[in-house]
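So that you can tell them apart, the chains are marked A, B, C, D, E and F in the order they are listed, and the count of residues begins at 1 in each.
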């Protein structure tokens, strides 16, 4: 019961925070709302039996990626942009987006409504870090290697792109 | 039992669509990247939900890969943002129109 | 045009220039004492030594005496000349006291500067110092002879340039003394200039004694308001008090000097009775309320009684901008155009100067260079003092001065005076006498003739005659110029704003018509500044509203139903046009407000401070008018608009205070002109009201510093006239005029034209105002009182 | 007395020769000769050829000076005789006028004719009351004799001559100051240019010449230029000169001797040697404003060029001799006191610079000086000389120059001894 | 061995600070213990008097001109004996930075610094000192100095009566 | 239900107790720091408020509370006001998972001396410590002052750099303790503390937490002599106080983490566990102060070089070696 209630509350928080995030004029504010959204999402993960992922969501998304965003925004001293839903021109621009999104939403709703398995409940389940680790490093060892290479390439790429002045590249590249 | 699966899916959809809308509508590179992050997280939510639904750990592992990928993507794209800002003095996508026909 | 090299810089100068002038042109200041731009070089101080490397005379030479040669090479900073100048500074400092802290010159002392510039720092001379006893030189000049370095500038200014006789040099060797033979006030009207020229603290301004240091003064280039010449001045104020006036430099007008009236006559700004608070029916109000009240009433009166109901009166004391904005306000109100001067005859004369004479106006610089100067009914020392100095320069340059004036004119130079009555001068000008022919011949022979006419006695008619004479005496090769002397500092400007053809009515006819319900007097008091003051006083009772904007404690401001304080010329920027049509700007020197000496009760200033300065209500008149007009334009924008509206003011907005100014005059074809001279009643004398040298213009009348110079009231008659009437010099006589009857001591002077009675305008006779229609009077012996 | 006597031809002890005596000695012959047979141009040329140099101190060739004068120009012109003889050690003009005033009168008339001026002034020293009397009498006599006044000797040439008494200041010897004084103004020197030859007295062309110079003119006219030149002992010089001897000599009188006579001859032959059997230490060769000559320069010929070569000047040939017991610092101080007192107060180097020099010399002489004072004195000499408005301070620096050049050791002795080493005085 | 030196250098400060912890502090406990100030310490300014007991200040304005924070204001006036003095003299200690430039500028040695530094207060207006607050009854430093004796104009002595002066020139004397 | 209520009550009691202790510890840490630094510099330090200056924290508090709460005109007001709270809050929240003593037996119940014994406690700590940077970054950015912004940017890059090394340095601990739970990690060190077992990890963690707490020699975000006050330049009054307190709480928290992860937590002979824990934490706090008194501030580039080129590789190497050793041991 508590868990269901928590799910809806957290879901609502996530949606509202995201909605606010994507409409902010000021990128810093957007990042703050997004961090909120990720916090809610992390708790949802915990609720859905993924404690490790919840922690990682916080550490990686909130603690690293968003910090990186913030860092870039501050470093470039980006001023608040005009392109929000506030002003006239941009408001018109949102109309096709809304339509498209609405269509997609309708499709999804229909799809889930038609699918009988959708009504089935998600059970309470818990994947301990140990289980998770075993699965990760046993069954997906190769994938881990590939991903680590991908990370390495990303680090090198980021380093290369950001080369002219900044010797130290975005630290996030190494994560 | 927590919630019906479809609720979870709908939540993920809403989040995804919000991110999607953001990517389409905003012209600020940073905001577009934020939109992408939102979409990826929505996907992650689906995966975790699925993992819980089937009570298998694989979904969660996919999320780990997702996170790793996101990190890579963000580092590269933010580096590009810095680069573009340096070149154009702006991160408005409209200013990157050199190949316009 | 030789070219020479000074300190490795090449400069080309005019022929006959000195090395000093060439260096000045390059911006190199060669230390100097005895050299002064106006006084020239005499080579006494030997401070300006430079080293000549190529030229006829090589080695150490005095730059102020050395004429420039082609290809000369001069250095000012080489060790030899630097060493020599240091020695000269040392020599000059041998006897100089160590009293800079108590010396008023400290901070603006040329000796201080040159001693430092000369590199002399330590006194090595241990012999005895020579001392002097000081002289009391009157109320204006303080002397401290121990400080003297014998540059001879003071005598050269006082005697040679300004023509004073009672100040000179005595003694020899290092005991040379500059002063009067006996202690006593300096007699010259230009005595203050020796303060300006003295390079150290020997001669200082006594009225400014120990008041401030130069560096603490707020100064701005300004224009003297005391007469129509518009000399450049540099007033200095501190603690919201105007403390002194120095001479400014305007080569076209006054050169480097000003008269004592302009120098010491500015303390009217600090007059204790100066009204600083707006009043509505004796009650203090804010300026904003007062203006609202004024605007409302004026509009209402015009709506109910028509455009005649409101009469706006400008002034020759008010700035050009103020007068123009007054015209704009009249247009907006829908009333008749304002009268721009209360003194109609002076205004008419100024209009002749502004329009008819516009193409042949002579500046004072041209007066100084003239070779023949003919003065018609001008007493320069009283009406335009610096003109007298300019005449002296003309004479020193070999010029000749002829004076036709009923008064016993004095000038600081050689001149030929013919005592003619005003009517005789008019006849002379109208070329009806033998003298006229002789005059024409003289004028035709002269290379640079200038006619100088006094607007007060000649009037508009006389000035028109003068214009004709000048036209006839001019040839294609050389013009005959005219230098009119007008009434007020901005008489010319007021005239220029008025229509060229005068209307029929003047102030009094309009007031006496009874249709005027409201009179707005803008910085003018017709009671004191216009003839027929008593007639004007009578009309005041018929007015519903009398509005006065002023900064002087005039009698009219007491009568005002609505009084709004405006600022004195030094408290606001503005512009005047002088008698030769030169538009000159002046800057703001001090902020309006009660001087700290007053707010502090004479002691130290109050320990607590307020956000609003006490007594700071007065605003510039143009700003008040701008508020009435509802506009927010600043002075610059007003000037922009003026130069668009009036083409003769082109360049107004680009003008800065302190320059040579701008000639603004609108030449129009001389209009029709009839003149009827009044008949002289039998047995009467022509009444000549002449401005006193001090205390005649309102500025100097309210200047307490000048009080010692105010002369006692008296009447002057030709001895012959006095004898005819059985009057003796020294006794009191009765003078009967249209303006009233006065009891005065009689003086006889043979220099006065027969048939004239001369009275000086002063506070004693407020209704006898110079200028105006020719009046007549009776002078009789005093009847013993019972 | 082998020297031909021109100026002192009629000199008798305590007796003045007036018109008769003068005419008897051949006076006014030159004038008659000139007015009748010569043009002004010719006289000017003659004077130029005679190489007569100004006897007033500066030694400027009179002929050259006259050639600047606009003699032929119309309008009033003036001839002024400078008889303001106030140089210490100089009294020759006074002696001349005491002996033979008509010489000057004739010289002035001749010069006036040569320069075509119609008014002449003799500006005479305040102290020369007797000389002025002589002159006035001579002028009256000349007027009576028709040598002065309208239409002189029927030549149509007019000349009026006036004697003007000086107020008695040394500066009046300066020609422009003299002109100012003559005009009744403060006798400050005038700015040159314009020179008096173009704008002098009352703004008109004026020539100012010394008494002795003018007195030589009649002799040149009568004797001719080459004769006159031949009178001098040294080439390049001309004429004779009045040498006024003074100082520590046995005979202190004025002698007319040829230009170029050696100093030794004057001192030993005419001056009778140094008094009281002392030794010659130094002398002023030409008045107070000339640098000293020392015993080593005893054989120098006294003329303009030779003295110039040894760093002194001929000046007025007022030879003042000092014996070996004289303190040269004190002598110089005494002279400087005079000059400082007589400064007109116009320019700084003279007015205050001389005060400074006086103080320095006082300090040194009283023995309170240090090496710094000596340095300062040198500095003063360097800076005052050549940089003053007129020649007064320039001349005042003559003895100082001599002192520093020739007697520096004596100054150092003062500094070291703390008192005057010669006289032993601690203070003056 | 630079590396060794570096390592040593990294640890040495720890030893120094640790050792210092057990030493006696050098702090002066101010209100209880009085600090010994150097003689030339610059604190409160005073206006001194000359040896005759008259005010030394001649109101020459040099102190106010020299003051970098404009904390001195004054007004000069003339006494009957010709002495120039300050009619009022105001020094705002709330503004003063005690740089001492005014004392260096003062030509009459009137304004001087003292070591009296205890000026703190709560009311800034109480730190505005007038002349009567500043004027003291002694000569301060250089007690023998008397400005008017050196000036060369006659105020305390008749003209030409101060040391090193000659008596006044008689300008009408005909002698040079 | 009752049990749950009791649990909740216990948690609350623990919370209050712990927060009280931590806050007063932080407050007195400030005083201790000032005193110790003063003594190191031969001064007395604060000694006026109360006996020996013991009331100084109170005085500071009163002063900070009564000061004007000033918001710069161009600041982002809400973020500006939020940031100090965020900074203090994240620091305080971290303590929830730190076990500060062995489980207690009260009323027959086992009360763990930890507010919330998460099984992923270590990750929780890492997560919160990564969020702690927001307080500083947002505060610096919202002030709209160049010094603040520079401080914030420096802080961001510094924290990212050192968090990485810190995270990697605890991996060996997890490997050795085979758990993310902090309680279990402590229990795994009953015999030998990990500091002795794995000194490189200990050192790396020690250095990282100094950097994490933004203290000398890593106090670049607020370096007074270059950036006035860095990210908190524009702050005054209690908001500055929150930043200040946050820093000292962080010191305590990080000290506690060091104790838990490497120094065996509460374990120790003779004395009760809690006392041991407090002694160890205080010792570490003293060490922090000692470092501050003894070391100069690093230059920014030195700091980044050290983080990325020395600490990170070392930490990675340590992970590899530890893993290898653990494998070898079995």
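Structure notes:
The rule is simple: a residue touches a chain if its C-beta (ideal position, glycine included) is under 8 Å from a C-beta of that chain, and two chains touch if they have at least 3 such contacts.
Because the structure is a prediction, the values reported are computed rather than measured.
The chains other than subunit F, grouped by which ones touch each other, come out as A, B | C, D, E. Each step here moves to a touching chain, and the least such steps from subunit D to subunit F number 2. Here A-F and D-E are compared, and the pair linked by more C-beta contacts is A-F.
Centre-to-centre separation between subunit A and subunit C, using Cα means, comes to 85 Å.
With centres taken as mean Cα positions, subunit E sits 72 Å from subunit B.
Rounded to whole angstrom units, the spacing between the C-alpha centres of subunit C and subunit D is 55. In subunit B, there is no position where the chain touches two or more neighbouring chains simultaneously. Multi-chain contact residues of subunit A, defined as those touching 2 or more other chains: 52, 56, 64, 68, 75, 172, 175.
Shared interface positions of subunit F, defined as residues touching 2 or more other chains, are absent. Inter-chain contacts occur between A-B, A-F, C-D, C-E, D-E, E-F. Put simply, subunit C touches subunit D in their complex at residues 42-47, 49, 59-60, 65, 83-84, 87-88, 90-92, 94-95, 124-127, 149-150, 152, 169, 171-176. By the touch criterion given at the top, residues 1-11, 13-15, 17-22, 24-28, 30-31, 33-35, 37-38, 41, 44-45, 48-49, 51-53, 55, 57-58, 60-61, 63-65, 67-76, 78-83, 85-86, 91-92 of subunit B touch subunit A in their complex. Interface residues of subunit C, counted against subunit E in their complex, comprise 95-102, 106-107, 126, 128-134, 144, 146-147, 170-173, 175, 177, 179, 209-213, 215-216, 239, 597, 600, 603-605, 607-608.
Within the complex, the subunit F residues that touch subunit A are 76, 79, 119-120, 123-124, 126-131, 133-134, 137-138, 140-141, 149, 152-153, 156-157, 159-161, 163-164, 167, 180, 304, 308, 312.
Residues 26, 28-29, 32, 35, 42, 51-52, 55-56, 58-59, 62-64, 67-68, 70-71, 74-75, 77, 128-129, 168, 171-172, 174-175 of subunit A are the ones touching subunit F in the complex.
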